[in-house]
Every structure is written in structure tokens, then in C-alpha cells.
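Should a chain be cited, it is by its letter among A, B, C and D, assigned in written order, with residues numbered from 1 in that chain.
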Amino acid sequence: MQPHEIDARVRDSFAKQSIMATLGAEILAVRPGEVEIVLPFSDKVLQQHGFVHAGAVATIADSACGYAGLTVMPRDAAVLTTEFKINLLSPAKGDRLRAVGRVIRNGKSLVITLGEVFAESGGTSKQVAMITASLMVVSTGTGLKD
Amino acid sequence: MQPHEIDARVRDSFAKQSIMATLGAEILAVRPGEVEIVLPFSDKVLQQHGFVHAGAVATIADSACGYAGLTVMPRDAAVLTTEFKINLLSPAKGDRLRAVGRVIRNGKSLVITLGEVFAESGGTSKQVAMITASLMVVSTGTGLKD
Amino acid sequence: MQPHEIDARVRDSFAKQSIMATLGAEILAVRPGEVEIVLPFSDKVLQQHGFVHAGAVATIADSACGYAGLTVMPRDAAVLTTEFKINLLSPAKGDRLRAVGRVIRNGKSLVITLGEVFAESGGTSKQVAMITASLMVVSTGTGLKD
Amino acid sequence: MQPHEIDARVRDSFAKQSIMATLGAEILAVRPGEVEIVLPFSDKVLQQHGFVHAGAVATIADSACGYAGLTVMPRDAAVLTTEFKINLLSPAKGDRLRAVGRVIRNGKSLVITLGEVFAESGGTSKQVAMITASLMVVSTGTGLKD
């Protein structure tokens, strides 16, 4: 697929993830094998101490990894996360979070990804999470479509 | 702490997690070492195929584990998730999701938990996810409070 | 497959894992969906503090999970671990370690398992690790055979 | 600590890990925040298909991460792995495996690491695994010493 087709494919699919609008997350960049998602800090996504909830951090990190996977998949394949693990390195606070997902291994049935989440404030950036995720390649013949 | 104090502690802290109201999640049960959270299916929490997003599944699973940990913590301790891993076993769909978190190891500085998420529809229940999470015990002297 | 065929299949495959003889591990039990492996404490498997190395704990835990998966697989399928996560709950010491692996989800292309490792000494038993593992179902047509 | 002291500290501790001699693993390099371990292919470390067992891959990956952590720890601290997750990207075969562990976050009570394992054959190198590990910082006052 051409870069502009890949870009459109990811943005179209992302627009269907209602949780992203609910949390306020947006796509920042789409490159072959790499996707970035940002989540502005807001009082809709917090845990009890006022930090962004680990689940919200995981949500954008997982989607950044999943869409990084989608950029390398054939037209007739959809992507489903089968597992991820996230290490939370520091409390997630700041102006916004930026998640970057990258493909590490593009296998026939599984795509393995690595992602990082940064808290950005003014001009500063600090890594607050690290994620590894496995994506299953699912034929669109199953009815699933991205 | 007495059971009713533990119950109040968890529910008070949960009420401060704004993301729970944003997603529509609620506490179902609090027992020593075990907490249940439910998330009704809604069009606010979906991924592109119409299933509940893995991040929303992870959010209630992580909180169920975190609050299970809080039930066994001394009064002057708060809890922070340092990492979790989730296996997504089946697409998350149905009337609601129910996450159960349980303490497996109550250590001095780390509490280790295991959780399950079930999709419930009518009278049926199907496990859709499994999570393991590590919680750091943080002194409330740091300013953090649950 | 019949129980005695499943038992023979697992034990035959286990006998081909040279690392098990190297570490001193043995199969203790084979049941449909569940396998137990024991590792006697010895000075061949230690880390620097005199506990059993996390890698040795992981080795028997991973194999217990993998063989639990094999008990539910068709004759023409082999099993490969694609990922696992292990939480080390307490230092691994005692007379022997016993790992129990169980199938949680028997999917067409992925089998998900949960395992526990116990340190046993005299009549006592203490859980020292918890593992979750994903196994890929591989056709023996690929040349892989268990 | 000086680089040569760090180097000696890691190598002395590694020499006490009896499992490394059992498997045939050796330290390749020690740098501040990064350690490399190699495992020559041998018939002592295999699984049933003739690949290096995931547990052996995990053993050197975990130790590379653990010792990377030790390079940044104060003199009076020892290091214990509390959890790790490993993604197995490709069958582990070749002349030798090389594991590289790096510190991602050097926290007061937890050090978070990321590691890669490569299969090397002749002049070629292929990544076969990715690991993330959490290390607990333990005071040597507890009796533990690295």
C-alpha cells in the first residue's frame, strides 16, 4: 500500500474507536511501522491522585502499537491485540501524553510491537511508560475490518 | 481496618477516579483481598470492530487489582500500579464487563495481584481477559493518599 | 486423543528437551489441560544469593504451561511459546520447586495458560512465582513436531 | 563507583550464578547501564524441536537486565528481579545467543530495564527475543549482597 493509503487506513479506523473521542485522544503521526497518538491532560482521565489513570495510558499505548501493526499489514488483514504488558515508569502528568508504537517483528500470524509513552509539558518530555504488545493478524474474511 | 472501613476506603478512592465516571464503570463488590468492578457496554468505550477497547478492559482490570491491593494495606499507605500484563482471550462484547481483582502476594513493598474479566450477557458469563499486576506500596507521607 | 496417548505425547516430547536433564527437572503429572514439573534444588541452578535463578524458575514454569497446552492440541499440531510473563513472589529456595501449568483459553491459533510455581520443603509449600504464557498452535506440516 | 569497580562487581556476582556455568553462558561486556551476556549453542539447552529453550533465552536476558541494573546501583544495594515479560520473536538457533540488557528507568526502589536477544551465526545477527524486567533495589543490610 502507498503511504497515503496507509495514512488514510489508520485514520479511518482510529475515527471508529469511540473510546478515543471519549478520552480526547488524537492521531499525531502515521509512518510505516510507527504511529503516534496524543492524549491531552483533562479531568476526564484521572486516577485518585490526579495523575492520568494507568488504563488511559495503556489505551493510547495499545492503540499506537496496534496501528503501527496495521501500517504493515496487507489490505485483507485486520489486527487484534492478544496481549500487552506495560511498565509505568513515573506518574503520568503534564500538558499531554504522547504514545509512540513501533513494529519490532512483522510475522505472518503475529506482529510484535514496542511502545513508549511520554509526558510533555512546555518544552520538556519525560518517558512515563513502556509497553510491549502482540497483535494477531486476522483475515478480513472473518468479517473483521480495519 | 474493619470491613466497613475497608469498603468505605475503596469506594471513596474509586469515586475520585474520574476516568471511571467517563467510561461508566462502577464498584460492584469489596471484600478483603478482592474487588469487583463492572463496566456496562456503551458506545463510549469501543474499538473499531465494535468490541470494548482493550484499553477499557485493562482500565477496569487494573483498578480491580489496585483496589484489591488497597483492601490489605495499612492506613498510612497508598497504592500505585508499577506494571501489568493483560491477555485478551476473546472479543469483549455483551451487556457488561465484570472485572475481579485478587491479591496473590501481600508483600511489604510490592503487592502482586491476579485478575479476570468476564463478559456477561443475559445469564451467561465468559472470561475475556486475564491480568497480572504489581502494585507499589507508597507511604502517605509522600503526599499520596487513597 | 486418549489420556494415555496424551501422557505419552507429553513425556516423549519432554524427554527431548535437553535443558530439563541439564537442570535436573522432571515431569510429575500430566492431566488434560494441566501439567506439573518438578525441579530439585541443586547447586547447578542458582543465582548469586543462593536462590534458584529466576530463569530456571521460568524454564519449568514455561514448560509446564507449554505442555498443558499440548495436552489439548490435535495430533497434527505442535506448540511454540510466543511470550510469557512471570512474577517472582518470593525467593525460590527449599527442597524442590513444583510448577503447575493450566490452560485458560484453548483457541484455534493461540492457547493461553496460567501457571504457578511452589517451593516445597518437608511438608510445607509456598507459592514463589506466577506465570501467564501464550502458545502458538503450529501445524506439524511445517516440520515441527512435539 | 568507578567503571572498573562496576565491571568487577558485575563479573564477581555473575561468577556466583551457578546456572550460568551450567548453561555455558558468559559475560561479554559491562557498561554503565548496559550488560551483554552470550550463550553458545549447545545440546545442553534445547527444547524438543532443537531450538534453544525459551527458558534459557529468558535466563540470559533476565541476567543481562539484572546486571545492567546493578551497574547503576549504590554499593550498599543488591538487586532482585520481581517480574519480567519476554516476547519470543523467532526460533532461537545459530552459533550463539547474545543478550543485551539496558536500564530504562533508574528509580529509588525499582529499576526498569529493556533487553534484546540476538541469534548470531557467522556474520549475521537476528533479534529473537525482547524482554522487559523490573528489579527491586534491596539494601545489603538485609543480608543480600551482589
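One rule holds for everything that comes next: a residue touches a chain if its C-beta (ideal position, glycine included) is under 8 Å from a C-beta of that chain, and two chains touch if they have at least 3 such contacts.
This structure is a prediction, so every number in the text was calculated from the model and none was measured.
> Would you kindly say which chain has the C-alpha centre located farthest from the C-alpha centre of chain D?
The most distant chain relative to chain D turns out to be B.
> Any chance you could check whether A-B or A-D wins on number of contacting C-beta pairs?
So, comparing the two chain pairs, more contacts are at A-B.
> Would you mind pulling out the distance in Å between where the CA atoms of chain B average out and where those of chain D do?
Centre-to-centre distance between chain B and chain D: 33 Å.
> Please work out the Cα centroid separation of chain A and chain D, and write it as a whole number of Å.
29
> With chain centres defined as C-alpha means, what is the inter-centre distance between chain A and chain B in Å?
Distance between chain centres: 22 Å.
> Listing for chain D: what residues touch at least two other chains?
82-83, 85, 87, 134
> State the interface residues of chain D toward chain B in the complex, per the touch definition above.
Contacts found on chain D: 82-83, 85, 109-110, 134, 136.
> Where on chain A is chain D touching in the complex?
Those in contact with chain D are residues 85, 87, 89-90, 104-105, 107, 112, 114, 127, 130, 132, 134.
> Which bits of chain A are touching chain B when the two form their complex?
Residue list for chain A touching chain B: 13-14, 16-19, 22-23, 43-49, 53-56, 58-60, 62-63, 78, 80-88, 91, 144-146.
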